[in-house]
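Note that the chains are named A, B, C, D, E and F in the order they appear, and that numbering of residues resets to 1 at the start of each chain.
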Amino acid sequence: MEISARNGLKGKVEEVTLGTVMANIHIKVEEPGVITAAITRESAEKLGLKVGDEVSAIIKSTEVIVGKEL
Amino acid sequence: MEISARNGLKGKVEEVTLGTVMANIHIKVEEPGVITAAITRESAEKLGLKVGDEVSAIIKSTEVIVGKEL
Amino acid sequence: MEISARNGLKGKVEEVTLGTVMANIHIKVEEPGVITAAITRESAEKLGLKVGDEVSAIIKSTEVIVGKEL
Amino acid sequence: MEISARNGLKGKVEEVTLGTVMANIHIKVEEPGVITAAITRESAEKLGLKVGDEVSAIIKSTEVIVGKEL
Amino acid sequence: MEISARNGLKGKVEEVTLGTVMANIHIKVEEPGVITAAITRESAEKLGLKVGDEVSAIIKSTEVIVGKEL
Amino acid sequence: MEISARNGLKGKVEEVTLGTVMANIHIKVEEPGVITAAITRESAEKLGLKVGDEVSAIIKSTEVIVGKEL
């Protein structure tokens, strides 16, 4: 199945911490990739984003889904 | 200001598409980094996640924040 | 109060697991409903989405809000 | 690939609306399923959630990922 | 209906911008309130969060739901 | 670094609860501010949102990022 979530970064699990309800997974990403961000136009203009800009893609841990070939 | 969102991947803007309300930003990420995923324990166990596993960190574009030094 | 979140699926709680900070709730959904997804146009085109397609609506557990009549 | 996002509801696309950056997809869900919600323990206690409660699973459209067999 | 999303800030709509698929709403918040953040323990420790700290609650626009009495 | 997330509300930490994986932070917000919500146009029209409306900005705790000057 192909999914609409555009950002998939390959990596290796470095650490797994299990709580009662949640788990914290550290993934070491080594391959380069492209990240797509859908932000408001207002934000893009306020930051003056243009091709070539050095930026950071910032993601809250609770938003990351983990995929694995079983 | 330091923020709690743990995942910050450095990259370069490759494409900017502006709509009326939203904007789509492509960011080319080349440096390696570590991504932290907070998932349910149920999911971690169902996937059998353990150190060394090859996985993908999957992120919906609407969840990505863009940071830039102004 | 009416809210902008368009997707509300009625169901019955099947399981409640309490951690220190988080709780995991299983909800059995039996009534049919309509789910609205706001995805990037790029993703819609890459998947070639069109009326009649068989698809899955995929949602991370951390994104689900629970509502209950008190 | 198996993914950690636990909630996958099967349905049929009923409507596709394309904007410049975003697209709006209506998915008619007819099969019953189980939805897992990860909420704070505080919320679970405030709502007094327990097995058998009639509840709604509420999801913002921007949080829904679409999957399709290609 | 009571919902599990704990953060509800009352305000007045200042601006509405409609796109084809999305809309951008500015809400002026004047009443004080309490915001609950569920972050990873790692982040809380890295920031050294403790009672009395001056902090910012940062929220991406796509994560905000709007409620209105109809 | 400036970030695209438009909503930043200043406040004071009132309570910190640590779990194994997650932490729950209560932030008392006293200064007024403007919150931007990016919702679907459908939702904006269904709620009939217009300038001057009294509304609530509703945010799930897992979506809140905490920022602090270190």
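We adopt the following convention: a contact is a pair of C-beta atoms (placed from the backbone, for glycine too) under 8 Å apart; a residue touches a chain by one contact, two chains touch by 3 or more.
No experiment lies behind these values; they were computed from the predicted model shown.
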Which of C-F and A-B has more C-beta pairs touching across its chains: A-B
Gap in Å, rounded to a whole number, between the CA centres of chain F and chain D: 21
For chain E, residues that touch 2 or more chains besides their own: 1-6, 18-24, 36-44, 47, 56, 58, 60-63, 65-70
Contact graph of the chains (line, ring, star, complete, other): complete
Chain E contact footprint on chain B (complex, rising order): 1-6, 19-22, 36, 38, 62-63, 65
Residue ranges of chain E in contact with chain F within the complex: 3-16, 18-30, 32-41, 43-44, 47-70
Contacting residues of chain D [partner chain F, same complex]: 24, 38-43, 60-62
Of all residues in chain F, those that touch chain C in their complex: 17-24, 37, 39-40, 42-44, 46-47, 56, 58, 60, 62
